[in-house]
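Letters A, B, C, D and E mark the chains in the order given here, with residues in each chain numbered from 1 onward.
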Amino acid sequence: MKQAQKEHTTKRYGMVIDLDKCTGCGSCMVACMSENNVPFKTDESNKLDSITWMQVYKLTNGKSYPNTEICYLPRPCQHCAGKHEGHSPCVSVCPATATDYSKETGIVSQIYTRCFGCRYCMGACPYHARYFNWWDPVWPEGMEKYLSPDVSPRMRGIVEKCSFCFHRYQLARNKVYLEGRKDLDEDEYQTACTQACPAGAIKFGDLYNPEHEVHRIAQPDMQHGGRPQNPHVFRLLERLGTNTKVYYMSERRWVRKAGDNYLPGEFENPGAVAGSH
Amino acid sequence: MDDASIWSQNWAWTPVPADGAVTYENSTCTLCPGGCGITVRKVEGRAVKIEGTKGHPVNDGGICILGLSGLQLLYGPTRVASPLKRIGERGDGKWQKITWDQAISEVSAKLAEVRAAGNSHALGAITGPDRGTVSGLLERFLLVYGSANFVRTPTMMDNFEHVLYLTQGVEATAGFDIENADLVLSFGSGIIEGWGSPVRMFKANARLVENGADVFQIESRLSNTAAKSKHWVPINPGTEADLALGLAHIIIGKGLFDYNFVSTHAHGFEAFKQLVQTRYTPAVVSEKTGVAPGKIEEMAVKFARAAKPLAICGRGKGSAPGGLKEFLAVHMLNALAGSVNRQGGVLQMPPPDYIRWTEPVTDELAAEGLRKGRLDGAGSDQFPSSRHLLNRFIAAAAEDATAAPQVLLVAGANPYYTFPGTQVVKKAFDNIPYIVSFSSYMDETAMNADIILPNHVNLERYEDVPVIAGLSKPVVGLSKPVVAPQLNTRHIGDTIIRIAKAMGGHIAGAFEWDDYQACLEETLSDKWDALSGSCIWVDDAYAPPAPDQAFNTYSSKFEFNAGQTQKALNADNPLPEGNTAEYTLTLIPFDAMRLANGYIGNPPFMTKIVADTVMKRKDGFIEINPVTAGKLGVKQGQRVTLSTPVGEAKVRVNIFEGIKPDIVAIPRGLGHTAYDEYLAGKGVNVNELLGTVEDPASGHDAAWGIRAKLTTA
Amino acid sequence: MSAVDDKVTDLTQNPADDAGESPHPPSESEETTGGSILLFFILGLAASMVIGWVIFPKLLYSEKKQPINFNHALHVSEVDDECESCHFFREDGSFSGIPKNEQCIDCHEEVNGESEDEAIFVEEYIAKDREVPWLVYSRQPDCVFFSHSAHVNGADMECAECHGHIGESEKSRVYEENRISGYSRDIWGKNIAGFKRNSWDRMKMDDCAECHAEADGHDSSVQTQKDACFVCHK
Amino acid sequence: MDAALIPKGVKRCPMWQFLLALGVVGAVLAWGVYAMLLCWIKGLNQTNMNDYYGFALWIWADLAVIAVGGGAFFTGFLRYVIGKNELKNIINYAVLIGFICYSSALLILAIDVGQPLRNWFIFWHANIHSMLTEVAFCLSCYFGVLCIEYIPLILENRQIDKVPFFHNLSHNLHETMALFAATGAFLSFFHQGSLGGVAGVMFGRPFAFREHILVWPYTFFLFTWSAAAYGPCFTLLVTWITEKITRKKLVKDNVIELLAKISGWMILSYIIVKGIDTSYWANITAKSMGLSLHDFYGRNWFYGYWMLFTELVICGVVPAVILITSHGRKTAWLRVTAITLGVVGVCLNRWVMVLQIMATPVMTFDKFVLYYPSWQEVATTILPVAYGIILILISYRYLPIFPQEAELNPIDTNEPVSRETAIDADAGTDSTDTAADMAPA
Amino acid sequence: MLPFSFEWVWDMGHIVFHGGLWYALNIIGLGMTWCIGKAIYDTIKGKGAHDHH
């Protein structure tokens, strides 16, 4: 390269999902599949081998009729940073460097052509965000026409996962370069699920950037592994030290409690939680 | 080595999508009546992604799963690739490909034959709920042909219109300003299951959450809507009207109603008051509905005291009309709260009126046929203010072979699958010798038709979309061809025009347009420029008339007690079919957000995300309460037989805390026999287990469930 | 680089083994003199050189002709804006690549000049509204994301730095397709041993990486301390 | 017929018996090979693995054979590095068993990955921070060492030994064997450990995660230790089975007892350390993540407390106690019980460290999922067993595996043959080590 | 993996890991070379044809 590119545009892309707004409709899941060329089979009712980068979980408060409550929780790849930036559970274990953590965007990548299918990363991920291609992807005749050139279709025998629609970042950067600008605007790079969510429950942006919605809502404390300072915001399995970039928000206590494991009494008395402060 | 590595990374059978220039095209989604704006991303002419149009007044960038999956319908295997003529028995799926000329001459010859025999009234047509030019053309065709038997698939909107006609004396559709309400009483309306315009309702629901509005979801099952509401009020199904009138009892009794509205703008209040005060005391209502008296009072007081309360009804997605009593009772609550034609309330909306074609000239044969009237009795003395009664049409056709239509045209509807009481449809079809389907997809009705003249799918065709799904502004969308037709299909409008032209005479004379596009441009002349550009026309200036000008009743006031209202409110609740001794449970169908259950079946992406507690491999699940399960001794996932007076089905059990004991619930939208291998043969079509119950006041199907039993053998 | 080394081994050593040794497995009982061993060795080396440098490339690559001979030099002299006249950026920042008929049609609606290729182009493609199935020398595998915008607009690179002096060519070169991987020899490199003299001689991952490693601020990967994988892969 | 190939001074069963046994085991092998081809050609959808069980039966089998194959490195270490010379009488067999185990492990790994043709990426594009990379490198290298250790055995075949070059080579290899054994011990130490590390570094999986010593989690050392402790049990067990089938005493008791004693003390020390580790993990590590032992062992009948008890007490403390007491290891049935329990124990440990990790949900709203292997998985897992038996059959018949065999079984005694029993034994068992042909002829 | 590879980083981890690995490989390689070499030498010397020890 001719010119050294000294633009340190370090970002930490992340999400805030308002669980009180999420209706469980599944638009995020389908938008993701259709954006990212996710294949489908004739029978997808076995959820243990069904590829859904974005997966909506159904949580219940465990109470019986008529006090039952339900909450839906969309789960994309959490893009963990780990205890020290880049020490994601999956990235650190991949033997062939097929998955990587970008210090520039904070996004965990997965390179399909490098992966040889050992599935160690799947074992390491507590969120089940990683999916294996047990079958060759097959589209009914003629349906290949809708495949997007921005994302490579995957082959059998490798692992795939949510990329925060990284190709959209790349395409947005193209324009930024062309126009000689320095940086992306907040709305220039949005994931497909964020864009599709009819309830507006998903927000996406740069957690480092105080002007971005995600920062304003989650108020991440970057000095302490990005821990949210908004009391209604939580992260999944915060206590494992995965340091995820997907934040969840709910007014309901039981929902926030469901985000992590607690010994009896711990959730009620957060000061006692070991290792969380 | 590198070669080997690249080779092992690029399997020849993994497709490599071609790159190219990216363009975006706007259109309007017609996969449901919601009228969302869609923006299609294209790469060198291939459509690769459907997104919601940003800033669109209906959906503002949001999009539902059906809309998102549109490309799977466009490029998918369910489509009918060319005109087909049946060669085997009906339903065998043996077809012969024919040319469009053959198809049109065959259908027009058949129609000419029936007409020449003086049986023009024996032509029937069933369409979807749409009210644009496509169904307009079909209706016009029947008119000049000489048949009154044009039947539109009814929805909850038919009842809302009926209610507005009875209470406010207007021919109007209903709009709901949910976004601005601060309390919503929903009598089973699936606000986020797809009620009205799904994406708009998702957004409205998010607004309600933001505004901290109280939402009471009144239904016997913890639906998604109930789960997202502040309050879930489980109720005995079918008693919603009683609850509404019970609430009215308290509101009136406590004098909490909008005094100004009632005294100045309403008429017949005293009679209504007497009705609710005598028959709907809290004790009675509590007994009937299963809702505690305290809860009833709390709801009534909160509703009446809210600044902008709104009561809505129409179960689930609102695709079934339901009972008139319930709609009237709920509307009375809005009237008591003064939430009529004001912000956050029910708004009377002008029905789409841009179709102003010249009155066609008809001949004697046509006049003769029209005099024979409608098979379904809509508009007759019995049901003077009903317009289309599909249930009665089908029942009449099933009952008597001589009365049944000799030719049936079906467009934008799939009654063979969606009609509750599928057996009756089968019987009716057996009595109809010639069935023409215009379906783009090989759905159940097309499968059982004699000839298919496939329409373009929504992304290939022009169509006007007057949105009547409860929006608070009049909206007309335009669906535009985004890609060139992929298969040998033809626009249904063109097909009708061609058939008409082939028949000659006055019939041809009524269709002077060269083609459908010419017809559409002419029809929308004043809006065409706006529509062809942005695909959307909104009457932003529209505001519902003020109470002193709105009502067109005899009294020029809101009528609490018009003749038919009285009749409807005094009627008993429609009861489900079946005796309680043998059938100890009640089966209710429900609308699930991940199952399309109308004319269009689930595309693969939607089926993919259906939970494994709804469908597992080929098995469908029923939901029952753990208490019921305990009583019957069934376990999670167990296979059981579910029987109703109408039919029986093998299902699996999903034990669910969020359902009232003694209720069995099944989602609509599974159990297809047609479409593709991604959908067909999975789960149970609940319509095969249901029947219809005729509403005495409107003639519509008012059934909300059926008695049922479970056997483990 | 490592891949290259490995290739050398593959190409030179292995055939030597095959050609030289296997027909005469060394046996302890065989009587051999020093001279014959040496001769044997030299012959083997020569054979392996021939196989490695001449026969192997022939086997590895199939030669394909472009559908039409394209004269870059002529076109460059006719247009104002050099390469970008035909290979331009679209508004969204994406790169248009090889022109479509749409761009050519302005000048080529009718046959210009005497060239036979011109006649074929106009009659077979423009007139019939078919796109020319060009064989793209620089086509990368599907897993590669390459942003022309980042390189040309962002880093101010010249086209020639990667594509060489193709703009001065008067004829379309033969397109050599790798029989194993299906990609052009331009990707792998002309030189079978893997040496390159010019930056445009080869377009493999290591070539990209070499340049990326030199530029500052390209250390976003925690795995490699170089550019993160997603920078170039999709 | 093949008398010229059979080692001097020992007797082997008739050819037909040998071929019959080969045929029977070969059929099982063919079944496994068929399943293996299915997995390669049709892909891993042939298995019952899924996105919750990315690691399943195969990885367990892999870890288990490597653990029990640990007898090779540890015996080698004792013999060549520590200098326990008595063990030379069993080292050949230990090496053979180790060789079988390691080649099986590599074969299973080759089936297990999704894109077998890209296997070499693990070497070429290695991420050295991954425990799996360390496993791959050390495993392959150590397999090389085992080959080197196995070669001299092959060269000692009567006919091959006649070739002077091979004879010399064999001789030289023997002389340098200590060097190889030491290197092997070093490599094996690391890869046994890194197999444990594979689980221990997964900090997203509290069931697996162990705190670190340097760059290695505790499981690193526990795995090495347990392989060293339990590996010899397997060597002893297979030797015992071989002796039963051949009806010969092949290794002298003092050798057996020495190895048993060492194994016993190793198991005891391992179990103590494992106990400390388990309680530290349950009380400190897991609790800091909001989890208790109950979350791991109390929520699913299959992965219940019984498993923990069996692993630690029945298959840990019990064999240790038997083997460290002189009476225990001298009493044949007690000794055999102990080594059997030991082998079961280490296999159970590997099972838990592979499958229970996958089964235990971490997110509170996630579910405990059980998994049942498909027949293809079972067949491919039995495949290496069949292969191992065949290799033992051939090696035992033609190579001087047991140096003490001739001495312990002078051949001039003419005992009657009981072929029927031999054949019965043959047909009756399918998967466990059967070598009926070894019955004396 | 060699330092030429894309993934190589000049840090302690890589040097220690590969150092250990290459060390072991070298011992094995040299050991084998010595054994084979010595065997060839011995054979040429005519040792061990029927020399059973």
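Definition applied: contacts are C-beta pairs under 8 Å (C-beta built on N, C-alpha and C of every residue); 3 or more make two chains touch, one makes a residue touch a chain.
Because the structure is a prediction, the values reported are computed rather than measured.
Colleague: Moving only to chains each one touches, count the minimum steps from chain A until you reach chain C.
Modeller: 1
Colleague: Report the chain ID whose CA centroid sits closest to the centroid of the full protein CA set.
Modeller: Smallest centre-to-centre distance to the global C-alpha mean: chain A.
Colleague: Taking CA centroids for every chain, report which one is farthest away from chain C.
Modeller: The chain farthest from chain C, judged by C-alpha centres, is B.
Colleague: Looking only at C-beta pairs in contact, point me to the busier pair out of B-C and A-D.
Modeller: A-D
Colleague: Using C-alpha centres only, name the chain that sits farthest from chain A.
Modeller: When every chain centre is compared against chain A, the largest gap points to E.
Colleague: If you average the Cα atoms of chain A and of chain E to get two centres, how far apart are those centres in Å?
Modeller: Taking the mean C-alpha position of each chain, the two centres sit 47 Å apart.
Colleague: Using the average of all C-alpha atoms in each chain as its centre, how far is it in Å between chain A and chain B?
Modeller: Centre separation, chain A to chain B: 36 Å.
Colleague: Just how far, in Å, is the C-alpha centre of chain E from the one of chain C?
Modeller: The computed centroid separation for chain C versus chain E comes out at 38 Å.
Colleague: I'd like to verify one number: the distance from the centre of chain B to the centre of chain D, where each centre is the average of its C-alpha atoms, in whole angstrom.
Modeller: Distance between chain centres, rounded to whole Å: 65 Å.
Colleague: In chain C, which residues are in touch with two or more of the other chains?
Modeller: Residues 2, 28, 92, 94, 141-143, 223-224.
Colleague: In chain A, which residues are in touch with two or more of the other chains?
Modeller: Within chain A, residues 46, 50, 58, 97-98, 113-114, 136, 152-153, 155-156 contact more than one other chain.
Colleague: Give the residues of chain D that touch two or more other chains, as numbers and ranges in rising order.
Modeller: 115, 118, 121, 124-127, 129, 164-165
Colleague: In the complex, go through chain E and note every residue touching chain D.
Modeller: Checking each residue of chain E against chain D gives 1, 5-7, 13-14, 17-18, 20-21, 24-25, 27-28, 31-32, 34-36, 38-40, 42-43, 46-51, 53.
Colleague: Which residues, counting only chain C, touch chain B once they are in their complex?
Modeller: 3, 6-7, 10, 60, 90, 92, 94, 96-97, 141-143, 178, 180-183, 188, 204
Colleague: Would you mind writing out the residues of chain A in touch with chain C in their complex?
Modeller: The touching residues are 1-8, 85-87, 91, 97-105, 107, 109, 111-114, 150-153, 163, 166-167, 170-171, 173-180.
Colleague: Note which residues of chain B are touching chain C in the complex, please.
Modeller: Where chain B meets chain C, its residues are 1-4, 6-7, 9-10, 16, 19, 21-22.
Colleague: Can you list the residues on chain D that touch chain A in the complex?
Modeller: Per the touch definition, chain D meets chain A at residues 43-45, 49-55, 112-116, 118-119, 121-122, 125-127, 129-133, 136, 198, 201-206, 287-292, 295, 357-358, 362-366, 369.
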